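Scrolling down, you'll hit the structures one after another.
One chain, chain A, links the two complexes that follow: it is found with chain B in the first and with chain C in the second.
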Partner chain A sequence: MWDLFFQPFADFGFMRRALMGCFAISIGATPVGVFLMLRRMSLTGDAMAHAILPGAAVGFLVSGLSLGAMTIGGLIAGMAVALLSGFVTRVTALREDASLAAFYLISLALGVLIVSTRGSNVDLMHVLFGTVLALDNAALILLCSIASVSVLTLAVLFRPLVLECADPQFLRSVSGFSAVTHFTFLTLVVLNLVGGFHALGTLMAVGIMILPAAAARFWAVSIGGMIAAAIAVAMLSSLIGLLLSYHYSLPSGPAIILVAGVFYGVSLVAGPVGGLVARGLPRRSLEI
Partner chain B sequence: MTAAVVFQDLTLGYERLPAVQNLQTEIADGSLTAIVGPNGAGKSTLLKGMTGALAPLAGNVSFEALRRDDIAYLPQQSDIDRSFPLTVMDLVAMGLWREIGPFGRISGRHQDRIASAIATVGLTGFETRPIGSLSGGQMQRTLFARLLLQDARLVLLDEPFAAIDAKTMDDLISVVRRWHGEGRTVLAVLHDAETVSAHFPQTLMLARELVAHGPTEKVLTVENQFRARQKCEACVGPTHTCGRAAA
Partner chain C sequence: MNESGISSIRLLLLGAGPRLAGAALVIAALWAGFFWAIATPGAL
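This part shows the complex of A and B:
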């Protein structure tokens, strides 16, 4: 028991750091993921994750594997894609999904081009899949700061954000908060993806955001309940994923996301709120 | 009688295609007005223009003493996400936005007002039901409760009684009449001539341009309706400008 669950963390500093980094991401990114899911923007998260790549790549070109440069580059690229696609949607006939897809594909191609012409394949793998087992102090501080900013902002923004998700027309009719809310929320998405990519890579970062949120939908009815369930799923996935990667020498990022995937699968089948089993059972009454 | 809303040579439209043209009239303060007209006559467009969601192509709408947050608007098809995890209570409480804003606390007094609004629309006992489980009529009652809390001086309703049962309609009409009794100005886009004659003293008939505006019995005549239909048929050309306007 000890060997299985605790010894890796007790013996190795890098495992403790990895766990701490993943917990920070779990707390910061999954509530954002819950709102992405509720706004039917799950795939937007995915698009944004691809969009930050060239920024990170340029940062990498300028100063190698530097935390600061890659973070700032990723933020700039992510915000640029978010703003440009929002702008195109507003001034042309193109819908938001199409304009976002166009910009993130351009951005992704640019990113892969930059990384592969100047760096080695190892570098590309690092950017795409992260290095959760090599988080240094600066990276941990960054991840924890992003999680704190994210949670605090969500707390302040909670009411307008719920309204913006549930009934944007109403929010626009009673106040000018709609645009501010939308923009701040997109900033949080980009911020968390940039944080997540240091640990899990640009491709996997969105996994820890969306999969726990999708799983949580089957366990809770209220938004607060969903956020709590999503954080729990993300933390458990991080723990189990890291242990699996340690004991079976698997790459840790994908291991964590796959465990989250298993949680999603189990929730889909056994979740009490609209899961397959719950739907199949005879209704106790019409009151739910 | 003072005017609550003045339309000055107002032209509204989408992508430069006018849906409402050169509208020139006034809505009296405290009046209860039905907006009628054939499909594509620009009725919904007019309401959108009043909320500010649609900028005029020409002319203007002026609200004499009203501010933007004195106006409550119930769209025809609200884009509320019914699968969103909100309860009836949560949705109704949104009506307090003007008072509590994004950060204010919902006090005991607010709770009482929420409960009383829910009671007024006959949904007591449904407070904790998720909005996804409501029928069309119950949802419309919930939205009316939210309008009640908005406490607006000008209420704009777009087809508020479409696709709901007769009992719900009666209950909601009595809410509208109550607003009228309280001196609020109410404008409602309606289709059913019977409802209009029975409950709405004023009528504004629209067919892209103004057909008639005044006491319902004078406006809702066979001749006017014929004229309105003719005008609108004339405008459904190859570009379907009216169809666009209705969207």
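This part shows the complex of A and C:
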């Protein structure tokens, strides 16, 4: 039992740092994922994850695999794509999903082009799939800081965010927080994706954000309950994924996301709130 | 302050205390985990 579950973390510092990095992403990114899902913006998260790639690639071009340069580059690129797609939607006939899709595809192609012309295939794999087992102290500080900022911001803006999910028109009519809330939320999305990309890569970072949120939808009714369930699913996925990766020599990022996928599958079938089994059970006549 | 400003502030403040206390606990646990991860000796 000890060998199976605890020995990797007791013996190896890189495993502890990987676990803590994943826990930090779970705490910071999954609540953002819950709000993305409730706002029907899950695919926006995916698009934004790809959109940070050229910025990170330019950071890589300027200073190699530097944490700071890639983080700042990713943040600038992500925010630029979010703002540009919003601008295009307002001034042209193109809908937001189409303009976002156009910008993120251009960004993805540009990012891969930059990394592959100046770096090796190993560098490209590092950017696309992350290096969760190679997180150093600086990366861990970045991930914990992003998680702290996210948790604090969500605690302050919780009610405006909930209102914007349920009834944006009402929020606009009762307060001046609508635009601030939307912009802060987009910043949180980009910030968490940039943090997640260091550990899980641009392709996998959105997985730890959306899959636990989607699974939590089947276990809780309230938004607070969904956030708690999503964080629990993400942390368990991280732990089990890392252990599977350690014992069976699997790539750790995909292992973590696949375990989250299994949790989603189980929730889909057995979740008490709208899961397949719960829907199939006969209800009493006056039960909603 | 106009009515919209007052309702905006009220919107933020309602239930903010317990939420911020919960957030502080989570952040404290997170950083405790960080120090555990970097400080405990290990092979690598």
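Following the convention adopted for this analysis, the second predicted complex is superposed on the first by the 283 of 288 C-alpha atoms of A that agree within 3 Å, B and C clash if a C-alpha of one lies under 4 Å from a C-alpha of the other, contacts with A are read in each partner's own complex, and residues count from 1 in each chain.
Please note the rule applied: contacts are C-beta pairs under 8 Å (C-beta built on N, C-alpha and C of every residue); 3 or more make two chains touch, one makes a residue touch a chain.
The structure displayed is predicted, hence computed values, not measured ones.
K.L.:
Quick one: is A:Val174 in contact with chain B, with chain C, with both, or with neither? Answer first, second, both or neither.
P.N.:
In the superposed model, A:Val174 contacts both chain B and chain C.
K.L.:
Touch test for A:Thr117: chain B only (first), chain C only (second), both, or neither?
P.N.:
A:Thr117 contacts neither chain B nor chain C.
K.L.:
Is A:Gly13 touching the first partner chain B, the second partner chain C, both, or neither of them?
P.N.:
second
K.L.:
In the overlay, answer first, second, both or neither for which of chain B and chain C A:Ile141 touches.
P.N.:
After superposing on A, A:Ile141 lies in contact with chain C but is clear of chain B.
K.L.:
I want to verify the contact counts: of chain B and chain C, which reaches more residues of chain A?
P.N.:
The partner that reaches more residues of chain A in the superposed model: C.
K.L.:
Once the structures are superposed on A, label A:Pro160 by its partner contacts, choosing first (chain B), second (chain C), both or neither.
P.N.:
A:Pro160 contacts both chain B and chain C.
K.L.:
Common interface residues of chain A with chain B and chain C?
P.N.:
156-157, 159-160, 163, 174-175, 177
K.L.:
Spell out the part of chain A that touches chain C in their complex, as residue ranges.
P.N.:
Of all residues in chain A, those touching chain C are 10-17, 19-20, 23-24, 27, 137, 140-141, 144, 147-148, 151-152, 154-160, 163, 174-177.
K.L.:
Which of the residues in chain C end up touching chain A in this complex?
P.N.:
Listed in rising order, the residues of chain C that touch chain A are 4-5, 7-8, 11-12, 14-16, 19-20, 22-23, 26-27, 30-31, 33-34, 36-38, 40-44.
K.L.:
Of all residues in chain B, which touch chain A in the complex?
P.N.:
51, 53, 69, 71-73, 75, 78-81, 84-86, 90-91, 94, 97-98, 101-103, 130, 133, 146, 150
K.L.:
Going by the contact rule set out above, which residues of chain A touch chain B in the complex?
P.N.:
38, 40, 156-157, 159-160, 162-163, 165-175, 177, 220-223, 226, 288
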